[in-house]
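Each of the next two complexes has subunit A plus one other chain: subunit B in the first, subunit C in the second.
Let's turn to the complex of A and B:
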């Protein structure tokens, strides 16, 4: 039995590299307010950094009611090796572009959820370990957007009103002369 | 020869030779005449440095809503440079130097001036800005200009907030008169950056392992350094206190069938906090591994897993109990560690 355990430990040490994953994400949340009744598209960037001396594969998922409005430019990427968790040198980083598209018609006034960054669990033991970092997103649908017409529509309306007034005056004058 | 004929002859003589004269000769004659009259126009124009003209300021490094700490090569936003020239009265060649101050945020946190880099070539080889003047370029033509490009490294773990610093551009000339041979442009609160909240976690890539166990075992310890303990560290780049949580899956057998519930696995904590004089802290509480994190909590999984500062090592010790009949073979699951800004799950 002891011999079996020794072989097991030897294999464990041989096959599993004792390295570290060291991920940082920034910012921790976004609070976004958009006008109700107005189609809106907002772009934000999340920065994720690696300080470990080995590259890390990062997976992105979106959860919560916010997910129907969010699109990501990618859902997986590789972060190059960093300078080491104890180093003062800058980390390697990737910027993840996040687009939040809110349609004109939305039934609720508040949506929330998070963008979650994970690495792949380790293998080789009973419990694989992984880390997660999340960025919360709170979306508030604010007050009704004011109707804004293009300038040419406004000018056309003014001209139309003037023409109507002129025609009324002209008609009155004609009747008066008769 | 009569006097009239002599004059006529002299005029004809001069006219004949006039084809050999040049315009400058006449000017010379005129000048000599003026000299004779004592009316010399003697004008001396002194060398002047006009005021410094700076365009494309301030030096703002904030990308959208702000930047993460622990990252370098942030460039000045809008255009990556300041455009430096001199006013139209300048008639001498000039030299340029630059200096700046630390950037400070509303809470007095500092990004030192050495983290700002600059050059005139938009090339990664840049000089570090300093409190004292650094000479950048010499003998620039009077009406020429220089673009100074800026880059910023935000130190690892820099506190969040908006930082401001000053920058000065200094111009001088050895060709200018003493009363106008140097000029200074003061860009007070002109360097700025907003640092966002960042949270980070380090965990060894070693799995948690219990080795080969007998069926029915209770409270078996994990293997040394493979869960006895395992060390999670709040990354140095984290700039706010965080709460730490762990959750995990049930263990499945080799065919993927869930066979051992996560609640058969327990863990407890011993936290070594670099920032306290107390070397070891323990809640003396054992937690079972849950599939989900708590919906609300005033701290992390344990009381001392809340509001953890950066660079703190958090140790946990793992056990498994297998009081389940019929187990034989290999079983696997996953555990996930996650940090939140302290108090975020309430």
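Let's turn to the complex of A and C:
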């Protein structure tokens, strides 16, 4: 009986492991720091590769507190069949664009979550397996953003200072003449 | 004339202080009061001074006091919107307002100083 269970386990691993290894993502995590008090938009790309000989339907979901800031270019796509797990040929790959939009005012200082890629074989055998791969995203809200005035603001400030001084001088002269 | 002139001058100096705080001590406007950050309340306070002086000065020449009354809400909004959205274009218009008012007050004073042909 134990021997039979071992054989079943071996067969299960034999069929599942190649499927698990078939999909890979890169990079496996993002650490992002943005300035507080400034609307920020960051665009990142995640590469997902398939080495299995079956095409795969990939579904993308976002979990965790970061999900309110993330928008995905697409949440489902078809990844063509790869060359096989033991092949030296390049694997088929797709890029997924994700945009992280952090508003000016956020209550927390840290947000995290995962972009989860789950697959569903489009054609396949009897054994149905589903693989989930996550890309961890850590968002830190850093220190307050410093204002960087463009040149036209600086010019206007200088003009204002000159006018303030000029009006003092004029008022003094007027009083002196009186 | 003199009253509104001083009013505009004080308003210009206070506006300048607000702009310097914006540039170097941004965090000073971060605390919230009744749901709005201090940038709104600071701009409102500065503009309230101009509004009061403009209303008081309505008895004399009307141009500057009326302009003062018109620009106060605009100026308040511009500073608040500029700080919350980090929009420097709004900040520029916020600075242009005292510049124009100062130029007008200096110009009007100069015109009044010299009698026109009709007066001669």
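Operating definition for what follows: the second predicted complex is superposed on the first by the 145 of 178 C-alpha atoms of A that agree within 3 Å, B and C clash if a C-alpha of one lies under 4 Å from a C-alpha of the other, contacts with A are read in each partner's own complex, and residues count from 1 in each chain.
One rule holds for everything that comes next: a residue touches a chain if its C-beta (ideal position, glycine included) is under 8 Å from a C-beta of that chain, and two chains touch if they have at least 3 such contacts.
Note that the structure is predicted; figures quoted are calculated from it, not measured.
Peer 1: Who does A:23 touch here: subunit B (first), subunit C (second), both, or neither?
Peer 2: first
Peer 1: Please work out whether A:88 is in contact with subunit B alone, subunit C alone, both, or neither, and reply first, second, both or neither.
Peer 2: Once the two structures are laid over each other on A, A:88 reaches subunit B alone.
Peer 1: Once chain A of both complexes is superposed, is A:34 in touch with subunit B (first), subunit C (second), both, or neither?
Peer 2: neither
Peer 1: Output check: A:58 vs subunit B and subunit C. Expected answer is one of first, second, both, neither. What do you get?
Peer 2: neither
Peer 1: Have a look and say if subunit B or subunit C is in touch with more residues of subunit A.
Peer 2: Answer, by number of touched residues of subunit A: B.
Peer 1: For A:118, using the defined touch cut-off, is the partner it touches subunit B, subunit C, both, or neither? Pick first, second, both or neither.
Peer 2: first
Peer 1: Answer with first, second, both or neither: which of subunit B and subunit C does A:100 touch in the superposed model?
Peer 2: neither
Peer 1: Provide the residue numbers of subunit C that touch subunit A in the complex, in ascending order.
Peer 2: 5, 9, 12-13, 15-16, 19, 22-24, 26-27, 30, 84-86, 88, 91-92, 95-96, 98-99, 102-103, 105-106, 109
Peer 1: Taking the complex as given, what residues does subunit A use to touch subunit B?
Peer 2: Listed in rising order, the residues are 1, 4-5, 8-9, 12, 16-29, 44-45, 47, 49, 51-52, 54, 85-91, 93, 118, 121-134, 136.
Peer 1: Taking the complex as given, what residues does subunit B use to touch subunit A?
Peer 2: Listed in rising order, the residues of subunit B that touch subunit A are 63-73, 153, 155-156, 196-212, 223, 226-227, 230, 233, 235-238, 240, 248, 251, 265, 318, 320, 331-341, 344.
Peer 1: Within their complex, state which residues of subunit A touch subunit C.
Peer 2: Against subunit C, subunit A makes touches at 37-39, 104, 144-147, 149-150, 152-153, 156-157, 159-161, 163-164, 166-168, 170-171.
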